[in-house]
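Two complexes are shown next, each including chain A; its partner changes from chain B in the first to chain C in the second.
Take a look at the complex of A and B:
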């Protein structure tokens, strides 16, 4: 769901005015109190990840944190030999990149067109688009399964790419429309007078100015296609089409019961699953924070 | 005469241009129709049938009128499910994510202004829990909550508490903790952004007037945060209402329906009991509740469109 005003405030981000450091006993006490709280907060948020790291490199990983008694990379080797992870990774990269390209193309066209079109009740169209963004995937999961089965979109790359392209679309259309609204029309009109076609004017003059928006769209589309699991679970049951989220989901759910849980192997999978997310996110944190805040909804 | 001709000409040109723009909207409209509007209508249509996943009713669903809705509202499990959803939203979205997120934002904003270096580490660790895929969050907390070996019980035993059978005896508390861990960053980010926009001279003036830190927070910070707080609250409520994969990974609604929320109930009816018509009915109710929240949200926020 979108928190629109907040997004603008984040974008405005007037820099926080520094406070003078307190001197003496009061200052030391404050430092101590703040850092004690920091320690608790960090423990809460980081311990699960520290465990993940220790388990992935431990031959006998258990559910508790311990420095690996037998440090090993065998867990990573095993997911490729026992779980055919090479194929899985390739599928995931293909689906995510294809989704990203489709989304950038679609939202650039749609955002630009919505920004420039003359409609009597354009604001209602925009409210409608925002309303779609609030629809939880969990609620449409059953009907999407039924529809995809009737349309023959199950067990195909095309179905996966289309559904992943659609998931963040309402928010991204809204975002891109606002980006294009801020680009004055006379720029492209001048290009038309120069004899450029409508399409060339859009590609050469307008799109370069909308680059931050296109960056958010590309990053968010890639992240969501890479990470999203529900749609993959209901659309794919052929092993040759499996992507990383599905492989992880299956590995996790078939464990337990009477067999000992292979925490090490699943943790290794989780790390490979997590790595691109962290790279994309922390490489362009400000854009991605903006994108993720706007598109947040339950998964 | 000349002016009307020019006007007619301009209108014709703008109509022609509008047709181009309409063409530009078609790919997006196609995708939205296929995966948002279509499924919603499909659910609505199926909710009036006895559509099933397998068997005779799968091929030829029969129209059953309002039977599914009558069954749903007399289903004792459904009351339980709604109650669970409400408890989960209040626990993890309002008490957990919202309160913790607000407190963290206030703390980090203050620490940053004081120039404490550890601030960005804390900020990054809260964010990390938020950006990782939900199913990984589920896996991490399955391990954390493990009865015999989990890090949580190991830690508690050092303090002389436990072991606690998290997923068996306190499953609702467990999923509330896991979802708080996952979603706090969203609230924190929004309030951090909001706090930065509060002009600092207000505080200077209040300090000169002799107002203590608590007074300054109560009189100046809080009123300025209130409009954004209402929206954020609604936003996390809507997001938490749709939580599915995290709960499925941790408890799958169990034990004995103790953590079965509405999204899981629709899924279990459709895919485990093969009752697609009934599952669709639950999905329709869920969508209706969601749109009610969303309509309030749009009214309050009046986004610039």
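Take a look at the complex of A and C:
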């Protein structure tokens, strides 16, 4: 047994203790400075939201923050009556959820394979995946447009889902590979010896332990598909297949040219567009934090 | 219940230059408790993993109950392995961990419960069943891992250093329990460890490995009293055997420090350079007047309660002597030593192989 001398133990404990809080004028100034910076940062992120809130409930919204001059909920009603926003919203939900399911299924299997199976030149495969991630998406616009046309994937849900999944896969495969690396191999070896096949051991033992990682993958895939606009613009020009970012973009563009910009309508759309993001974030925040720490402790 | 046979088994990893296991041949009869012993990196764990099916041998054959298992999936070998890390499923309770292999075998619920209860009672872990591994101490996790292995009633038990994560006291206690358990179950067991005391206390037979090669296979008494080579002589015993360069001259041997030791009459072999091996208890501290006694200077005295180890210097050679607890020569003083001729072991100076 290796006994640590008592003195060293004490020293180690002293190191770990929090620093005593500084008192007096210097301490107060520091407190003020820290909080002032904190407030500025908060304001920077909060002000746009405040505008959204005030504009969405204002019949005469302008491009600057003001308390609603003519409070109303008509903006929300109009986006559904005049802009068919219900259909658009459903399209977005369907595409994002389908992308999420496809991504989770794929990264679970790909990440596990790259983590566990000895492939020749596995490092090259991994670098290749990383290279794909570093490609600017705009550079792939033209080939993706051509490919989608050839395969008949323009103006289809399937095309959008495949492209959105492809955008997210490289990073999430890396993430899941590292996550699987952190799960001890002995666990699945024990399951094999207990009589399970490789696949059943993956499903019953490894995947439950990978839940935090899969949670992040699901959350990120959903949010990315929800927010993606470039590929939607390239692939979709049928109104019945529009997703929220495209509808939003068109609402801003078409109105700007002819009539007065409908700021209230745009703000109302933005608020509804943000809601699912909030829901996904709060529903999965504990999983996400655990997954980002990459820890399987306490499961 | 089955016997196990390694037949000229080789295993090479691409990351290493030397083969991890080199031509291992070994037979473990049914119901035996065999300990594979060796320093880390000697290939003992690889040998065990090949038997379990977690590694495939490059060459040679491994048989269980007379049938080759090479190429068989781990799940089809009917072997239980207790890992050093225990490998309990963290998301399942102790109860479900133990029950997992039974669930896999599609036993009826009542049969499953009956077997879990029986094993839990045997290992006194009934009160731990609802808890998850994270809520168990190291010793408790170890017992749950053992229960998961036992509950299946496998043909062979494999243990990969299962005691090394326990504290010293619990380790000795569990060692005794394991030995009793193996006798009661009557299942063949192969136990891997680097701890020679653990090996000596548990094993029916010990297989000592070094650098992928089997050095000696024998009972604890065999390997202690008649080590096959210098490696075994130094690895087994605490303190290990004293080894001194020497020269054989007919009926006696003279060490490089000039100590002439009479050999037992039945020692055969040619004269010449040898390595002389003497266990610490094969040397006696005698009265000054004794004929052919060798003088040595005491360096240190280590009392262990039941015995005393005396470190002495014989010329430039340092040796250890095991004596009764009441013998305490002062450091710096001179003592007279006499070797027991029956305890002398001779090894080839070049190859290290035993000559006697």
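Everything below uses one rule, namely that the second predicted complex is superposed on the first by the 232 of 299 C-alpha atoms of A that agree within 3 Å, B and C clash if a C-alpha of one lies under 4 Å from a C-alpha of the other, contacts with A are read in each partner's own complex, and residues count from 1 in each chain.
FYI, contacts are C-beta pairs under 8 Å (C-beta built on N, C-alpha and C of every residue); 3 or more make two chains touch, one makes a residue touch a chain.
From a predicted model like this one, the values you see are computed outputs, not experimental measurements.
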A:208 touches, of chain B and chain C: first, second, both or neither? second
First (chain B), second (chain C), both or neither touched by A:195: second
Partner chain(s) touched by A:186 [first = chain B, second = chain C, both, neither]: second
Partner, of chain C and chain B, that touches more residues belonging to chain A: B
Touching partner for A:114 - first (chain B), second (chain C), both, neither: first
Chain B versus chain C as contact partner of A:79, first or second or both or neither: neither
Interface residues of chain A shared between complexes with chain B and chain C: 1, 296-299
Footprint of chain B on chain A - complex, ascending: 1-6, 9-10, 12-19, 21-22, 30-31, 34-35, 37-38, 41-42, 44-49, 51-52, 55, 62-65, 105-107, 109-110, 112-114, 116-118, 122-123, 126-127, 129-132, 134-147, 162-163, 165-167, 169-170, 173-174, 177-178, 198, 223, 226-230, 245, 248-249, 252, 263, 266, 270, 273-274, 277-278, 281, 288-289, 292-293, 296-299
Residue ranges of chain A touching chain C (in the complex, touch as defined): 1, 184, 186-187, 189-197, 205, 208-209, 296-299
Of all residues in chain B, those that touch chain A in their complex: 14, 17-18, 20-25, 27-29, 31-32, 34-40, 42-43, 46, 51, 104, 107, 109-116, 118, 121-122, 125-144, 146, 148-151, 154, 181, 186, 189-190, 193-197, 200, 227-228, 231-232, 234-235, 238-246, 249, 263, 266-267, 270-271, 276, 279-280, 283, 286-287, 290-291, 293-295, 297-298, 301, 303-305
Chain A partner contacts - residues on chain C that touch it in the complex: 52-54, 73-75, 77, 79-81, 83, 85, 87-91, 100-101, 104-105, 134, 148, 152, 167-168
